[in-house]
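Residue numbering begins at 1 within each chain, and the chains themselves are lettered A, B, C and D in the order written.
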Amino acid sequence: MQFLSDNAASVHPKVWEAMRSADDPQPPYDNDALSLALDDAFSALFGRPCSALWVASGTAANCLALAAMVPPHGGVICHREAHIETDEGGAPGFYTHGAKLILVDGEGAKLEPAVIDAAISGIRKDVHQVQPQALSVTQASEYGRCYQPDEIAALAHCAASHGLALHVDGARFANVVAFLGCTPWEACGGASTLSFGCVKNGGMSAEALVLFDSGLADVVRLRRKRAGHLQSKGRFMAAQVLAMLKGDLWLENAHAANAAAAELASAAAGRLMHPVEANEIFLNLAAAESEALRSQGFSFYDWGEGGARMVTSWNSNPAHVAALARAISAL
Amino acid sequence: MQFLSDNAASVHPKVWEAMRSADDPQPPYDNDALSLALDDAFSALFGRPCSALWVASGTAANCLALAAMVPPHGGVICHREAHIETDEGGAPGFYTHGAKLILVDGEGAKLEPAVIDAAISGIRKDVHQVQPQALSVTQASEYGRCYQPDEIAALAHCAASHGLALHVDGARFANVVAFLGCTPWEACGGASTLSFGCVKNGGMSAEALVLFDSGLADVVRLRRKRAGHLQSKGRFMAAQVLAMLKGDLWLENAHAANAAAAELASAAAGRLMHPVEANEIFLNLAAAESEALRSQGFSFYDWGEGGARMVTSWNSNPAHVAALARAISAL
Amino acid sequence: MQFLSDNAASVHPKVWEAMRSADDPQPPYDNDALSLALDDAFSALFGRPCSALWVASGTAANCLALAAMVPPHGGVICHREAHIETDEGGAPGFYTHGAKLILVDGEGAKLEPAVIDAAISGIRKDVHQVQPQALSVTQASEYGRCYQPDEIAALAHCAASHGLALHVDGARFANVVAFLGCTPWEACGGASTLSFGCVKNGGMSAEALVLFDSGLADVVRLRRKRAGHLQSKGRFMAAQVLAMLKGDLWLENAHAANAAAAELASAAAGRLMHPVEANEIFLNLAAAESEALRSQGFSFYDWGEGGARMVTSWNSNPAHVAALARAISAL
Amino acid sequence: MQFLSDNAASVHPKVWEAMRSADDPQPPYDNDALSLALDDAFSALFGRPCSALWVASGTAANCLALAAMVPPHGGVICHREAHIETDEGGAPGFYTHGAKLILVDGEGAKLEPAVIDAAISGIRKDVHQVQPQALSVTQASEYGRCYQPDEIAALAHCAASHGLALHVDGARFANVVAFLGCTPWEACGGASTLSFGCVKNGGMSAEALVLFDSGLADVVRLRRKRAGHLQSKGRFMAAQVLAMLKGDLWLENAHAANAAAAELASAAAGRLMHPVEANEIFLNLAAAESEALRSQGFSFYDWGEGGARMVTSWNSNPAHVAALARAISAL
């Protein structure tokens, strides 16, 4: 009974189906009809013109976005626990050619305008200190916390007031929109770029990088190739992404994962480290308790001393979820 | 009737089948059983210990290899028409952090030791000139020419005599081994790294980077992550590669593509720009002749003025091949 | 009466004299007799074989050193207030091609083994997190604090135990050796590389990068050229450095600066933010007090709210120093 | 009797004098009065607003310029024998983060619009090939050839027609203006950036990077710091450059060097490999002839088989020049 990560879940049958339907030869790279349909599909989804490119990982999506927004001598403000800082193997440094991540704090791995203002006011405006040029926000945060539309709007306003472009890392963006019940644009309003996650949500190998700043598309297409991320049979990438959007499969999957997480959160109410809003549950769990759960067949990651992280997926087995909820309640 | 590129062909049914079989959740990234099986599978194939990693493109395979072999201040000797120079969007510069491609000439885009010796003797051994540290050879060459085992051995010897590591770009390595009838190792003997192509040969999105120099594996694994090429559901990548190896599917597919190319080559005997050894045909074709063929439904790329390139695939339709052969003969 | 920075002081007459003596043409770059004498001069100074190169700034010295010690995908542990982090305009990211500075805390901007151990134990040993490969220590620290020989030895031991190479940023290394009264090697024992500062200590434009790890010299020479730091009339750079070493001018100058700082420190005894060991004084100074001093003709930098930094030089005017000491006492 | 390089010549007395006059403390880096005067001095010289920064080498000047004009994924068209390609140790790759030098041919290392047009027309306008974004021209060329004002204008027009920015490497720009008798701007008209050489022309360690495109200055200032080229006692750099401009010392020195070269060229009239326009003489010289000259005390570089390069300087000894001229005539 697996609650390790949504990273490892199966591929949704509709995604498989779309990939199989794309098997007949088409022009290579991103010249196939499916890849060419992405801009329109995302423009419709977000209610505004944008460009969208498939890439093979969230790391690539995030870092291609940042590299297009920030020159090598610039900086990116992000949370100290942001994925780009902690878990991408230094990819931002590679893609941006050495731009600096400027780290700030915030509860639940969430950023607030006041913290950003303070960080910027501490930077001398001279050539000796790296000047920030972008803000990167993770929606949902690394602790599964969602920014409300007004919170995102405030961050976008803060960024703009400092001349920073806004990037949103949406590895679990679907779970956010499902939780908030808002429009996709409301969940990232003001962003120049959005990493729109699909792989954790029923996809296989395709994430979408959405560019709301029209000036970035040409550069990102060049840099995607330069990074070895322009796959020759790109139609299989586009097929995955389009299948996620079709009939709002992305939201359906996210609702399922969120519901499973909510069920676990209820059972763990007294021991939650963070409110559960998306599909991740961080809870206090003594070593003996963790062992007790594992001995019953549940797998999950430890989270520091006395903590644990459990993640649900679009296809978390309801019986497993119920069993885990009972087991937690019984601790 | 498509002869544009093997890049666009369908995915082989056995590859599809292997991917579907990998759908059940497994540990993410490359910790799944399939990814962990790659080292042994390629060690068996090449008859010597090696490491093998999946990546999403030949460009990524080539450039991760080069970056592991050459420091940023070094150089890579390659043919003036090598894919890394002409068609990878500057990816070698990105991955190696600015190392220099040192270009040399050679008939049929093939390299010879004497040319390499001459290039190196023209480089002053001081800090003002970039010092080469690797040699990159494309097997088959960009004009579909194969290096015989003794030619590869001579290049490997030449490289070693200058202290250069040897990289082999094997985007169509299967076609070479099928053509030469030698062992895989004989076709790249002496290489430190090999980009082992799968996508053009019936795969979907996975190439294999094979490292014969055991010291490189750890670095390449770190750099693959840093480049955003460590996919979270890596099992689908490994499944493709293993399916290609199983029962020598890779050779079977290559034989089929080569046979189709040979059939076209026979028909075009008097107008070949290069001997046809793998699955690419470069032929002299006047503009009117090209138009005549296209009007009969054949698609292919022009190759400069008065030339054309046709590429066959593992599943080139025999009827289409026969039709094209007849049409060329009839010109 | 200037106490802003030793960065702005005059050039020592003996340095001028040495430069003038180097005016006759010699082979360009670093092939002149003076440049060729550097290795021996520093080997004698440190009592062990080493290589030494001139460069035009401490930033270049630090970053050439780090780039030779750390691959692009690696990390450097340093203090959160280290000059390489706060005041080099992102140069470490440029020179190392995006390696990461891993920041730790410590009183007086000094590092301790326990803090380094803790930082490393918090890094997962996988490809998702950047792995440190070097430790950078500033001697004297950014707050003018010196590491005692046993403290440096403990840091070197700590670094070695984690497989890290040790870099010492010695922008004010002379002041340290003058303060400690130890040998130069004792003040940086175990370092692989040392940025040996001259410019703040009476030089004009030449710092020395000292390499105790013999394997690094060739790489650093290549990279110095690649960074545009191999000046064609290098003899004027070498002349400066050699003049500093001759007759221990470097120590004489540092003693003078330290003595001036000590005089100020006595006067400011009750309001020091840090013990004064080298030539920098950080003191609590209310806004009105700062204004009072400035109105008497003393120039210095504010240091946060209610603080000030004063720096003495090899040629701080004794009358000015005495006047400032009196003025501080009189506050 | 030294004719190896102007790189090694002495420093002009007026430059020494200006440096000595700058010895009193001033604000560090480029905040001193001399550094602040550079923009105006060069704006006056070129008759149009521009920014000017000192840097320590022509390599740094060239590469800071290119990096400001070309993104990492772009390309720079230059001559196959351009200094940036052959003699800067890969510095363009370092500074531009891997942009590509696109090499073209031309007699006397000079570029012509038709060659540039042809090179560009050979580049497919897709993401697979590196797209040029700048043109770099060496004035005088690597063989001492000058572009006439109309030739420079034609290159500038050609560059603009392709959307390329124009960089002029003017390591020996003074010799060009002295030779042509035109205005400085006519010798580089249309350039966005100019590396204005001083070191070969009587300076010690300061070159000037002149930016005619006002949008580049802020970026170049940030990148100069990031490259470790912002020296703390920058006033000594500015002093050198200003001394060169004062009273047209730069032209006076160049006239002297050119005159010496012309004297040698007359003597070598029948054996010149290139017309002598600046201060370099390339001549056919059999091995025995070279030996004969060397045995008479003349030092110079071989230039390939049967060739030699001789370079005159601002202070070439007239007696030595006359002696060499006689010796060549007597061969």
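Quick note on the criterion: contacts are C-beta pairs under 8 Å (C-beta built on N, C-alpha and C of every residue); 3 or more make two chains touch, one makes a residue touch a chain.
As the structure is a prediction and not an experimental result, all values here were calculated from the model.
J.: Looking at CA centres, what chain is most distant from chain D?
T.: It is A whose centre lies farthest from that of chain D.
J.: Pick out whichever of the two, B-C or C-D, is joined by more C-beta pairs in contact.
T.: By the number of C-beta pairs in contact, the winner is C-D.
J.: How many angstrom lie between the centres of chain B and chain D, each centre taken as the mean Cα position?
T.: Inter-chain centre distance comes to 42 Å.
J.: Cα centroid separation between chain C and chain D, in whole Å?
T.: Averaging C-alpha atoms per chain gives centres 34 Å apart.
J.: Quick one: chain B and chain C, Cα centre-to-centre, how many Å?
T.: 50
J.: Could you pull out the residues of chain B that touch at least 2 other chains?
T.: As it turns out, chain B has residues touching two or more other chains at 72-73, 88-90, 93-94, 97, 127-128, 222, 225-226, 230.
J.: Within their complex, state which residues of chain C touch chain B.
T.: 71-73, 97, 127-128, 131, 219, 221-226, 230
J.: Can you list the residues on chain A that touch chain C in the complex?
T.: Residues 72-73, 75, 86-90, 92-94, 96-100, 127-130 of chain A touch chain C in their complex.
J.: Which residues, counting only chain C, touch chain D once they are in their complex?
T.: Those residues of chain C that touch chain D are 2, 4-5, 7-11, 16, 20, 23-29, 55-61, 63-64, 88-91, 93-95, 199-200, 204-205, 222, 225-233, 236-237.
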